[in-house]
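Report on the structure given below.
To keep things simple, chains are lettered A, B and C as they appear, and every chain counts its residues starting from 1.
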Amino acid sequence: MKHLVSGALLAAAIAAAPLGAAYAEINELKIIAPAAPGGGWDQTARSIQHVLQSDKLVGNVQVLNVPGAGGTIGLAQFVNSSKGDPNVMIVGGYVMVGAIITNKSPVNLSMVTPIARLTGEYEAIAVPAASPLKSLADLVAALKADPQKVSWAGGSAGGTDHITAGLFTKAIGVDPRKVNYIAFSGGGESLASLLGGKVTVGISSLSEYDAQAKAGKLRILGVSSAARLPEAPDVPTFKEAGVDVEIQNWRMIAAAPGITPAQKQELSQTIEKMVKSKAWTEMLAQKGWANTYLSGEAFDAQLAKDIAATQTILKDIGLAQ
Amino acid sequence: MDTFAALGSGVMVALQPINLLFAFVGVMLGTAVGVLPGIGPALTVALLLPITFKLDPAGSLIMFAGIYYGGMYGGSTASILLNTPGESSSIVTALEGNKMARAGRGGPALATAAIGSFVAGTIATIGLALIAPTVVDIAISFGPEDYFALMVLAFTTVSAAFGSSVTRGLTSLFLGLSLGLIGIDLQSGQARLSFSVPDLLDGVEVTTLAVALFAIGETLSVVAAGARADEIIEPVKGSVFMNREDWKRSWKPWLRGTFLGFPIGAMPAGGAEIPTFLSYALEKRLCKKPGEFGNGAIEGVAGPEAANNAAAAGVLVPLLTLGLPTSATAAIMLAGFQQYGMNPGPLLFATNPDLVWGLIASLFIANGMLLVLNLPLVGLWVRLLAIPRPWLYGGILVFATLGTLGANPSLVELGMLLIFGLLGYVLRRYDYPIAPVVVGLILGPLSEQQLRRALAISVGDPLVLFQSPVALTLYALSALALFGPLLFYILTGRKAPVGADED
Amino acid sequence: MSDSRPTSTAGPDKGRFVIAFALAILSLVVGWDAWRLSGINTYSAVGPGAFPAIISAGLALLALANAVEAVREGAQERPRDEIGPMAWVLGGLIGQIVLLAFGAGFAIATGWLFAATAKGFGRGPVWGHFLAGAVLCFVIYVVFAKGLQLALPAGPLERLI
């Protein structure tokens, strides 16, 4: 019954929409999570769903999972089927930027209407506690001596971890194609190989290493943020060690292509309200996600910069032409 | 002694009526989703996370534990009765279990699976409580070269155990290996055999292939046989429950399955499938009536089911001791821990002892509850087979496509189900074994990735493969599996009990 | 095993020849892909083309072995398969995909699958089974959407709730 009512309200809203912005409250929203249930994007989508509904910012929110190929399958479906539809949004992230390039995806992020960056994580480089590498300077020296001898454990080839390893190597003047990168399919497996001392260094998001570092099993050499992070104040940034690399594995929400500026404005406002809500802050704290909210032109510019940099480094690593 | 005190207080936490209710809801839900191919505990817990985050942490983690173990039960029930493996770790169970069900021995098959799961789950959970830190140190010391050797062992034992014709068995295996190539190569990021179809970039899903080959292929074969296959499936022949001989033939496989499943499950890259393969191969070797294998041998259900459940408990070893999620379900459980602000990692036992022990205790309770709930239901479950065939097979196809669509609402996925279903029909028609196709799909990519990792770390030096004692031991076992029967023949002058004998 | 174990007659086994031929084609496809991959310059010690090359070679050998066995074991008499009932089941599966592609939704598409399968096994009428199947699947849809928050494909029926 509730849905019949909200459906009727929706119909009324659509009919009333041209009359004025005051009536254009969003009653129904579908969020596409371009990943299987449980993954980061899915959890982001479901967190958004939860907060939008509990704070009554949107009447009814549905999450639709369209997994596959680093999010590019969901993106393609979104671009192709929801043109001009203000009631559909998609969750995405930095991983998509790389996947679009390496998978030669026919659709890309210029075909959607980015609304805002919501959360993000920073990359960290870690070594086993017993490793002779004590600092980023030691790692730089080892890489300069022989990049092949330094094996990196991280996620799948061409992903954020691999890109960061490539950027790091390139920044110190070593050919990024020589990065001896060992891809693992899950965080647990790559962490196990690092703890077992099977690889020289591990590269992943800071949160994966944090607990192990606190227990004294790993040593985190550095993070990819601009300044030191509150959760790891003792860990220097790459920049402090003279390696000019800054990268954030962010997640965002975008709207459909071809919506009107007014519709974009409204969605942006709704998302902004959500980000400023208490429920969202609590949700982020619960999940351990950092709030890296960025919207409007600042986000557009950051996105363009990320896409260009990713294109270059993937070419340098040899994963894109 | 501390351990027992801690476990005792954990039991007290888990035995509170409200937590018992959570456990009950969990096992019921887990069983329900476990039955559906493609939809498993990982997905269910993931979907429930946002709903449960306002609940009390102990309660919801206990519910997740129930879902986790319940999923295993549901997976094997579907395998045995419907031949639609609900989870990839219950594929092996379908081999003998469904044959038994068709011969009117579904009751004993379900019972040995349930009791075996209980025995294995209990022993493995005790292992988890007592020796987790020791086990995890050994598990972590496994390198890619050791895993590769483990895969070689799985390949050799499994290929010796499937089918009577070497050519046919290898043909099926290589079909599976070819399917395993499809998708993005993890190490290089290159797309293989994807022909620019984006849906193929993630490769072939194991449950999709297994359900297509087993359930849809079988439906097509039966319907094509028409009146010829009009044998009546007797739901019950003899006792619904296990008889004396069933018990005698089951208890050793339960124990052996447990000792294969727990350590391999505890390895970060071990998984739950490999122990079920190894257990099946081992039971076939040790069985006094090897001729029954392929026609419904109870050992072939008891061993793999125990292995599968022990592996499920094993997966929790690296999760609870180190915070390492080594399976999809473990990763979601970890997300559950994080949701309640717990520090997932080596300090979990120290920082949140009542929760960890509450969880371990609730695993015992979930296990017991599943046994108590499932055994009386065995008689009811087997009645499923009394449903007239048009409805039974119609229902099987609905189930198969429902699971696939629920996990991934993609028409390409349904198309694969159809194509692999036809493949399953053709393979049956020309007497090629089905299981090696699935084995190839699972083991092919795993072994390739481990080999390439090992060689990348050693910068291309192949000697690294033969330097670790663990790897050498595993190779020796592989050689024994391959040439053992031959050796047996030479030494005794008798024909080996089971072997790769060509027709 | 026993009922389908064929008896041997004169001449080669045509069915297995076709299988051998299909394996040869598969070997070529995998081999071609391996060749394409070997041209891509990657950093790793063993490239993405190595395993495909081995599998391609294995498939080629198996194609040969199957062909040899087809000749050696001779033609096999296999019981005829009934095309009609099979067509119903296949029609059910294909129909489900087509209906979903046209947005008919889970209940209607899967209801058709149920009806067609039942018909293939000799139980009609298709309409009655379709209705029963669609109702059953609609209930499943509701349970999934409400209980698990999992979106199965929605059509006109599903949008009613």
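Convention: contacts are C-beta pairs under 8 Å (C-beta built on N, C-alpha and C of every residue); 3 or more make two chains touch, one makes a residue touch a chain.
As the structure is a computational prediction, the values presented were derived from the model and not from experiment.
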(Q) Based on which chains touch which, is the overall arrangement a line, ring, star, complete graph, or other? (A) complete
Q) If every chain is reduced to the average of its C-alpha atoms, which one ends up farthest from subunit A? A) C
Q. Whose Cα centre is nearest the centre of all Cα atoms in view?
A. B
Q.
I'd like the Å distance between the centres of subunit A and subunit C, where a centre is the mean of that chain's Cα atoms.
A. 37
Q | subunit A and subunit B, separation of their C-alpha mean positions in angstrom | A | 33
Q) Using mean CA coordinates as chain centres, what's the subunit B-subunit C distance in Å? A) 23
Q: Return the residues of subunit A touching two or more other chains; collapse runs of consecutive numbers into ranges.
A: 37, 46, 64-65, 180-181
Q: Would you pick out the residues of subunit C that each touch at least 2 other chains?
A: 42, 149-151
Q) Do you know which subunit B residues sit against two or more other chains? A) 43, 47, 185, 187-188, 409, 456, 459
**Q.** Residues of subunit A defined as touching subunit C within the complex
**A.** 3, 37, 46, 62-65, 177-181, 317-318
Q | subunit A partner contacts - residues on subunit C that touch it in the complex | A | 41-43, 149-151, 161
(Q) Applying the document's contact rule, which stretches of subunit C touch subunit B when the two form their complex? (A) 1, 3-6, 15-16, 19, 23, 26, 29-30, 33, 37, 40, 42, 44-48, 50-52, 55, 58-59, 62, 65-66, 69, 78-79, 81-83, 85-86, 88-90, 92-94, 96-97, 100-101, 106, 110, 113-115, 117-123, 129, 133, 136-137, 140, 144, 148-153
Q. Which part of subunit A faces subunit B closely enough to touch in the complex?
A. 36-38, 42-43, 46-47, 49-50, 64-70, 72-73, 76, 102-105, 148-149, 151, 156-158, 162, 180-189, 191-193, 195-196, 198-199, 210-212, 214-215, 217, 286-288, 319
Q.
For a test of understanding, state which residues of subunit B touch subunit C in their complex under the given definition.
A. 33, 39, 43-44, 47-48, 51, 167, 170-171, 174-175, 177-178, 181, 185, 187-188, 190, 192-193, 216, 219-220, 223-226, 228-229, 294-295, 388-391, 393-395, 397-398, 401-402, 405-406, 409, 411, 414-415, 417-418, 421-422, 426, 428-431, 444, 448, 451-452, 455-456, 458-460
